[in-house]
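Each of the two complexes below includes chain A, the first together with chain B, the second together with chain C.
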Partner chain A sequence: MGQIIVMTSGKGGVGKTTSSAAFATGFALRGHKTVVIDFDVGLRNLDLVMGCERRVVFDFINVINGEAKLGQALVKDKRVDNLYILPTSQTRDKDALTKEGVEAVMEELRKEFEFIICDSPAGIERGALMALYFADQAIIVTNPEVSSVRDSDRILGMLAARSRRAELGQAPVTEHLLLTRYDPSRVERGEMLNVDDVLEILAIPLLGVIPESQAVLRASNVGLPVILDETSNAGMAYADAVARFLGEQVEHRFVKPVKRGLFSRLLGRPA
Partner chain B sequence: MRIFNFFRPAQPAKPESSAHQAKERLQIVMAHERANRDGPDFLPLLQQELLAVIAKYVDVDQNKVEVKLDRAKDVSTLEVNIELPSRKPETNRRRPVLQGATSSP
Partner chain C sequence: MMVLKLIDPTCETFFSGLSEKVRLAPNFFRNAAVVLDLDSLPDAQDCDFGDIKARLRDCNLMVVGVQGGHRLQHEAALRVGLPLVPTGRPSRAESRQAAGQTGAGRSTLVIGDMVRSGRQIYAPGGDLVVTAMVSAGAELLADGHIHVYGTLRGRALAGLSGDANARIFCLSLEAELVSIAGLYRVNEDFDPAIVRKPVQIYLKEGYLCLEPFSPVGR
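What follows is the complex of A and B.
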């Protein structure tokens, strides 16, 4: 039976879709059959980040409504084996996500996939609730910034109270913190919350720290999950986080600032 | 810090740059979305009607229907692959298509 993982944050723009694409690709690269689902009905973007926007025929909502079979809506990734994308509808709204409909799709996916990643929309309304409801594990994407940390805490509360596991009195959803857009040099100057500050406040285990990186925008420009940019800091940090999720012990590599020599400063190359 | 940038004039995005690719991808996907914004979602209906027509002549498994789409700048292609069941020689249920059509019970 596959594991359902929700990528959630409460706040928008912190990197849920970037992280969903990276984790899905990372799991698939390691041989785990994975599907990533866009729950942001009406504001579909996972397809663009995954680079499959031109090949979307049917979507998650078509499947829920019985207008297409699940197999017809799944888009197979062209670069990585074992990787599938379930895009959402761009024209309908979150009310199309019925609990029964989502459950039926989840149960069908569980039989075929090892990992099912639910890319949550921002907010705490229907879309976000449906994305987290069936989760076994949750990756809380947080920026080292006050509003993001507070919103993450709010989402942790929803996971503890309103997930299916909570409602059925089962073991709670396993929580992981993914700290994104981390800038070690600003942390060192005391301009940004550091990892320990955030961990102290949220009190959940740390899965990874993704450094602020120009590679993320470059990757989304061309529709390539950033984990496939193997030379970038962000790509490597995601690969480490995926390994940790799968139980490996990997040191956190990108929490200290990189020392830059005079020459690289003069050339103005980013770290 | 960027003393060398002083000598470099600002340039528009080069065709191979990632920003240029981003613009092109957005133009393609958004042109399609804007065109279909107020219309019905015709693909599910198209598929149902196509299947209904084909089902008059052959048994088709809904799961064996593959619909592929490729949106490009000037032209989009829709590809529908329907796997037809292999014909068993004894049973007269799977007679040649046209015969079945004229003598349906």
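What follows is the complex of A and C.
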């Protein structure tokens, strides 16, 4: 049976879709059959970040409504084997996500895939609730700033109270913290919360720290999951986080500021 | 039965305000039986119950008795034919005596998990004990005391139904707001010397005191 993983945050713009794309690609690169689902009905973005927007015919909502078979809506990634995308509708809204409909899709996907990644919309309303409801594991995407940490805390509370596991009294959803857009030099100047501050408030295990990187925007604009940019810090940090998720011991990189020599300081900006 | 709480029967606007209220729902109030609650009156306050009874009759309300209040007020009520109605709760004089022994016999709500942002926990009629952290944006409410064996970052409101003897205890005070029996203080007004320290909060002579715990044995 496949594992359902929700990528969630409460707050918008923290990197849920980027992280969903990176993790899905990372799992698939390691040979795990993976599907990533866009729950942000009405604000369809995942297919853009995955670079498959021109191949979308049917979507998640069509499948929920019985207008298309799951196999017709799944888009196979062209670069990586074992990777599928279930895009959402741009013309509908979150009310189209019925609990029964989502459950039926999840049960069908569970039989075929090892990992099912649910890319949650921002907020704590229906879309976000449906994305987290069926989760076995949750990756909480947080930026090192107080409002993002506060919203993550709220979402953790909802996972503990309103997920299916909570309602059925099963073992709780496994929680992981993914700290994104981390800028060690700004942390050192006191302009950002540091890793320990965030861990103290949220009190969940740290899965990874993704450094602030220009590679993320560059990659998302060309529809390439940033994990495939193996030369970028962000790409390497995502690869580490995926390895940790799969149980490997990998040290955290990119948490300390890089010591730069005089020439690099004079001549340019970091990659 | 409908209970009308008397706070200041000499207030001029009271009866006009009441008849305005009655006019909004005439069928609901038509000849309704009303008990006067005297608990909020000062002990020595003299009341002309005959006058109150007549003026309420003008509002289409029938006074059938009184509850709470002081013995002398009960006698005044009896003289105009208003009996004392038992309330099932202690009279004010009794509750004052009982106030010294807070906590006894109350039910206590114990929460073992971290209380995260957005969650509200209420311990009606008793104490609330949290053996974990309370996040910013969470809210603890109790009619009795609140104990937090962890960092308190959210709001804590003890003595919610007016118990001025309720207290708040926490291992590290970083709360957004603390309140006892309606008196509150926000984080911005905390003395920096007590922030992030073990603190107890209580009412003393009508003022909210936030006091650090000194280490045991020193």
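The rule is short, and it goes like this: the second predicted complex is superposed on the first by the 270 of 271 C-alpha atoms of A that agree within 3 Å, B and C clash if a C-alpha of one lies under 4 Å from a C-alpha of the other, contacts with A are read in each partner's own complex, and residues count from 1 in each chain.
Just so it is clear, contacts are C-beta pairs under 8 Å (C-beta built on N, C-alpha and C of every residue); 3 or more make two chains touch, one makes a residue touch a chain.
All of these numbers come straight from a predicted model, not from anything done at the bench.
Student: Look at A:190 in the shared chain and tell me whether it touches chain B only, chain C only, both, or neither; answer first, second, both or neither.
Tutor: A:190 sits against neither chain B nor chain C.
Student: Looking at A:201 after the superposition, I want to know if it touches chain B, chain C, both of them or none. Which is it: first, second, both, neither?
Tutor: second
Student: Going by the contact rule set out at the top, does A:153 touch chain B (first), chain C (second), both, or neither?
Tutor: second
Student: Among the partners chain B and chain C, which is in contact with a greater number of residues of chain A?
Tutor: B
Student: A:222 in the overlay: touching chain B, chain C, both, or neither? Say first, second, both or neither.
Tutor: First partner only, chain B.
Student: On chain A, what residues does chain B touch that chain C touches as well?
Tutor: none
Student: Write out the stretch or stretches of chain A touching chain B in their complex.
Tutor: Those residues of chain A that touch chain B are 48, 53-58, 62, 67-69, 71-72, 89-91, 217-218, 220-223, 265-268.
Student: For chain B, which residues count as touching chain A in their complex?
Tutor: 1-5, 18-19, 21-22, 25-26, 28-29, 33, 36-37, 41, 43-44, 47-48, 62-63, 65-72, 78
Student: Please output the residues of chain A touching chain C within their complex, sorted ascending.
Tutor: So the residues of chain A touching chain C come out as 124, 150-151, 153-154, 156-158, 160-161, 201, 203.
Student: Under the definition above, what is the set of chain C residues touching chain A in their complex?
Tutor: So the residues of chain C touching chain A come out as 113-114, 116-119, 133, 135-138, 153.
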